[in-house]
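Next come two complexes built around chain A: one with chain B, the other with chain C.
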Partner chain A sequence: MKIAVCVKQVPDSETRINLAAPAAELDQSGFTRVLNPYDAYAVEEAIKIKEAGAEIEVTAITIGPDTVKETLKKDCLAVGCDKAVIINDPALDGADESALATVLTAALGRDSYDLILFGIKAIDDDSGQIGIMVAEKMGLPHVSTITHLEMAEGSLTAHREIEGGKEVVTASLPAVLTCQKGLNEPRLPSLPNIMKAGMKPMETLTCADLGIEVPASLVEIKLYSPPPSRAECKLVEAEEPAAAAKELARLLHEEAKVI
Partner chain B sequence: MADKSYPTGGEFLLTEASPQSVFTPEDFSENQRMFATTVQDFVERFIMPVHEELEYEGKTELGKGLLKEAGQMGLLMADIPEAYGGMGSDKATVMIISEYIAAAGSFAVTHGAQSGIGTLPIVYFGTEEQKQRFLPKFATGEMLTCYALTEPGSGSDALAAATTAVLTDDGKHYVLNGSKQYITNAGYAEVVILFAKIDGDKFTGFIVDLGSDGVTIGLEEKKMGIKGSSTRSITLEDVKVPVENQLGEIGKGHHIAFNILNVGRFKLGASTVGGGKLALQAAVPYTKERHQFGKPLCSFGLIRRKIADVNTALFLAESMVYRTAGLLDVAIETLDKSDPGYDRASISQVEEFSIECSMIKVFATEVCALAAEECLQMLGGYGYCQEYPLERLYRDERINRIFEGTNEINRMLVPGMIMKKALKGELPFLQAAQTVAEELMGLPSFAEPGEPEYLETESKLVANMKKVVLATLGLAAQKFGKGLKDQQEVLSDVADIIIEAYACESALLRTLKKADKDGEESTRLMADMTTLYIHDAMDRVGGWGRNIMAATVEGDELRTMLAGLRRLTKHDPVNRTHLHDLIAEKVIDADGYTVG
Partner chain C sequence: MADYKGVDFYRFSRNLSDEERSVRDTVRQFVENRFMPQVRQHFKAGTFPTELIGELGSLGLLGSSIKGPGCPGLSGTMYGIICEELERGDSGLRSFASVQGSLVMWPIANYGTEEQKERWLPDLAAGKKVGCFGLTEANHGSDPGGMETRAARDGDDWIINGSKLWITNANLADVAMVWARTEKGVSGFLVERGMEGFSTNPIHGKYSLRASDTGELVFDDVRVPDSNRLPDAIGLKAPLNCLNQARYGIAWGVVGAAADCYDTALRYAGEREQFGKPIASFQLVQQKLVHMLTEITKAQGLCLQMGRLKDDGINPTPIVSLAKRNNVAMALDCARTARDILGAAGITDEFSPGRHMVNLESVITYEGTHDVHTLIVGADITGIPAFR
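What follows is the complex of A and B.
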């Protein structure tokens, strides 16, 4: 059995965001980066399935820059994933969900996975679309927002959260799942496993390697700096309106130099 | 000097190290950085939920389960060789774990007793059979261990232990009698490494099963701090210990005891750096939020000075701790790992640097004390109350200056070991001291100084601090001869100068190394801290130097020496207020410890 877990590296929720304006781009230099917490549930669930069965291989897949390697190593390979695939293509900078789902679909298509796990959403852009889009593009059944999972021969049963209750869904394999908090308690890596993780395979690919064109994005995100704060307001104080007018005229002439 | 291609202990006093040769936190590997965050995650996940129970309710028994969790995560195995289920990590890694586990409060001490002093005697001195029998279980936390050197009648003077061991007639057992005191983890450990005298005089190590008949564990001590750690006495009444559990050579227990102390000292150095950073991290955000007189506390000059001084002292301590880690690792790397005597040889390499181990123990524990003291003060009355962490950090910090050799004992060791090396011909100290003495007695040179280069002034001050060491210790050795060991005040002052010189140089080299790699612009904060600290330290060095000289010589000789000392310690003052301000600004911005 082959399991794929699609993960994303996100800024730590406690990272301090430097809004040193004017910036059309976020200054990310000082960011602490971590595995998206929802993806940690997906990783943990994959490893639990692996531990309960035999001959199960877990592959972590991500799209991102070189910095993702640390997250893949510590939070995926060191906790039990067998290998990692990174799609690192500068052309994907700023790509929207649909484009990313296309790329992931291509990456997932390189192998035949029985189970594909996602977190329900990434805590940075909070969109929660990619897992389901991938299922759609691959023509696979999906169960979203799962909080419980049982595997059987060729099928699975998952509990999913719905408004005011839960739904019990059975699906045939291969299938796509998106994982919600409560599904499990992700383990922490052990120090010796961090060391060993460095020896596990990690493959880096571009869109060209996947045999696809860089997909077009429909959504464009732009950043604007907040408008500069207005200069301090000066109150002209005087007993008589005439004196105040005189002082105002002087200020406009001498300081503001507008008249 | 011994013919070696790598530095030896104490050598820093006589040579100039290159910035490239020092190990710094900027050199941590990817794995080391990941270990640090994993230890943080461990603390967050397992310690924080029971923080109140450990630190304020004194539930010391929780340590047992937490050690098992730590074992699962591999936090107990860094020092254990791979052949026995450990990671066989380098010393830098061991220190990083110690630094980050400090956030676990009392549990940091629990962790150290298990993974350090309770384990290392077997790593370094155990037989193959003993290593096989114990180390894999210590590594995972399956078996819990502790270490007992201290007795009611012997603390600092550990070799005066009164516990006895007598071989039974059939030669199969030793019968032990005596008692040990203040033993960390004694509440739940299953074995203890302890020392007893065979035939009344052969101080020897033993591994004792705490479940044996005749072993009594005392009640928990009611302590000032680290209340979540177990500290109890162990009494032995006719306890039979199989001869296979005798550790190391008979009569050579002091080798075990002193070597384990060396390791304990550098680890404590690292963990107190961690502790000091916690204090700053707890105080700085508070000073931003708390307003008095219509302004945040962090805008007041006296608060800013505290913030800057604590951050700077931590920077010095951190630089010194990891520089020492690098020295140890370089020395250990020269050994052949496949040699069966490797573990034993590696502890000898650590012993080579016992001077450095004592120095970081004293310096870092006192920096941690300064951090706790000043950070508590920044919180005012809130700092004094348990609602804020400073109250605990302040109490917890205190033990660090007492265990692993009191700071007095470690101060005595620093010049003591240098003199020992000098007399054995391992360190050409006396020759160098003679040269400096001649320089001091001679005429001053009047070379016109040019415009100083980057940190050149500070480099010169550090070089001069070392000369002050040579001058004062050389003079004291010459005047007091064998009696020097009884001149404790002189020795302590000398020790302080040596420690400052090592600390200052470590920070200076670290700054230069980073500047070399990333440019001077990247090291502004480091350079400001280096400058601030070295100038302050030079004033203290001058004071100690005068005291030493006045306690050693008199009359004309004293006057000439003092004139020489003045030349060596002379420096133009720096604008401390301005430096404090620049440094504090960055620390406030970072909400805690930072190097820029």
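What follows is the complex of A and C.
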């Protein structure tokens, strides 16, 4: 059995964001980067399935720059994933969900996975679309927002969170799942395993390596800054309208210098 | 309160490898999730969280840099990083790991037989067994050479008589690494729980290291087979070398305690308002915070260089003594300053600096007092030992 876990490295939720100037690009150089917390549930579930069975291989797949390696090693390979695939292509900077789902579909298509796991969403853009898009593009059944999973021969039963209750869904394999908090308690890697993680295979690919064109993005993110604040309003107060008018005329002449 | 994120003003983490940063983050998360929720309760009750011992072992935090069967085999720098993160939680937690690793596993790995290593190291590394280290006696602290505990040869065995005091993990220990005087000088023995005549007693009424087990070891005609003697530990140099390993970990560890105090004081100063503004806006408070940060940053530089030297095989006593001496005094000063910034709130157990402060009063004394380390460095630079 082969399991793929698609993960994303995100800024730590307590990262301090500094905007150097009103219209400047977001300075991300000082960001601490961690594994998306929802993806940790996906990784843990894959490892639990691996530990409960025999001859199960778990591959972690991500799209991102070279800096994702540290997260992949610590939070995927050191806790039990067998190998990692990184799609590192500068042309994907700023790519939208649809484009990234196309890339992941191509990466997942290189092997035949029985189970593909995602976190329900990434905590940076909070979109929660990619797992389901990948399932659609691959023509696979998907169950989203799962909080419980049971594997059987050729099928699975998952509990998914719905408003006011839970839904129990059975699906055939291969299938795509997105994992919600409550599914499991992600383990910490042991320190000796952190050391060994660097020796596990880690492959870096571009879109060209996957045999695809860089997919076009439909969504463009623009940065807007709040307009500069207006000068303070001065209210002319006087008992008599005539006195107020006189004071206003004086202010317009002496202070604003417009008449 | 938001999670602790460490103090790294000079970006030392840039000089760490991916693996070193991962080790730091993993231990930090363990301390935050598993230890912090219960430290107040254990400190109050005067108990060590024994249910965490197995987890410490399975994560690889016990004897982490020791090379031997079942041992994690990490670098010296990583051992330091682990100590820093553990002591950010509490000096008692770091003390447990220091004793188990540097004072029990280290001598077995360096002075023991293959049988002793196979028998003890895997279980000690996994946290399935606990060890303690018996050198200090009631009447012999800074001068262990005066020890009164004796081991006399009797056929294939040794008969040990005497007692040891101020022993961390004494009452939890399955095995005690005991140093006793023989006719040929000081030797080290593995005394096991259950051996006839061997007993341990807790020390009550501690102000300090309350979340740590401290006690007395008593030997009343304890018969120990010669196979429990460490054959390569010859003379007082052997236990002193163990202490050098442990002090290395202390020098790192207390930086974690200091950083926790600074972090707590900085957050508090930003939230606490007096005279209509946060107390962090007052010059005197800023001066205190900057002083703490400066001293912590200097200590971090010292530790990282000491770690790199150790990993190159350079770990002489005076280098470790200078760092232990400086960093513990620095951390104690930070704890007192943080307590001061916290005002009245600082005297309750709702905040950590008061707890770190009383803990560090032990740390500045144990494993070579501040003054003894002064004289070790003094002897090294002048060539004239002041304590003989």
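FYI, the second predicted complex is superposed on the first by the 221 of 259 C-alpha atoms of A that agree within 3 Å, B and C clash if a C-alpha of one lies under 4 Å from a C-alpha of the other, contacts with A are read in each partner's own complex, and residues count from 1 in each chain.
Criterion: a residue touches a chain if its C-beta (ideal position, glycine included) is under 8 Å from a C-beta of that chain, and two chains touch if they have at least 3 such contacts.
The structure presented is a predicted model; accordingly, all values stated were derived computationally and were not measured.
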Task: Clash or fit, chain B versus chain C on superposed chain A - done: clash
- [ ] Using the superposition on chain A described above, determine whether A:14 touches chain B (first), chain C (second), both, or neither.
- [x] second
- [ ] Considering only touches as defined above, state whether A:198 meets chain B (first), chain C (second), both or neither.
- [x] both
Open item on the list: I'd like to know which partner A:189 touches here: chain B for first, chain C for second, both or neither.
Closed with: both
Task: Touching partner for A:70 - first (chain B), second (chain C), both, neither - done: both
Task: Contacts on chain A seen with chain B and repeated with chain C across the two complexes - done: 70, 73-74, 78, 188-195, 198
TODO: Over in the complex, which chain A residues touch chain C? Could you list them?
DONE: 14, 32, 69-70, 73-74, 78, 188-195, 197-198
Open item on the list: Looking at the complex, which residues from chain A come into contact with chain B?
Closed with: 16, 70, 73-74, 78, 188-195, 198
Task: chain C to chain A touching residues, read off their complex - done: 2-3, 5, 18-19, 21-23, 25-27, 29-30, 58-61, 64, 72-74, 78, 82
Task: Residue ranges of chain B in contact with chain A within the complex - done: 30-31, 34-35, 37-38, 41-42, 45, 72-75, 77-78, 87, 97, 591
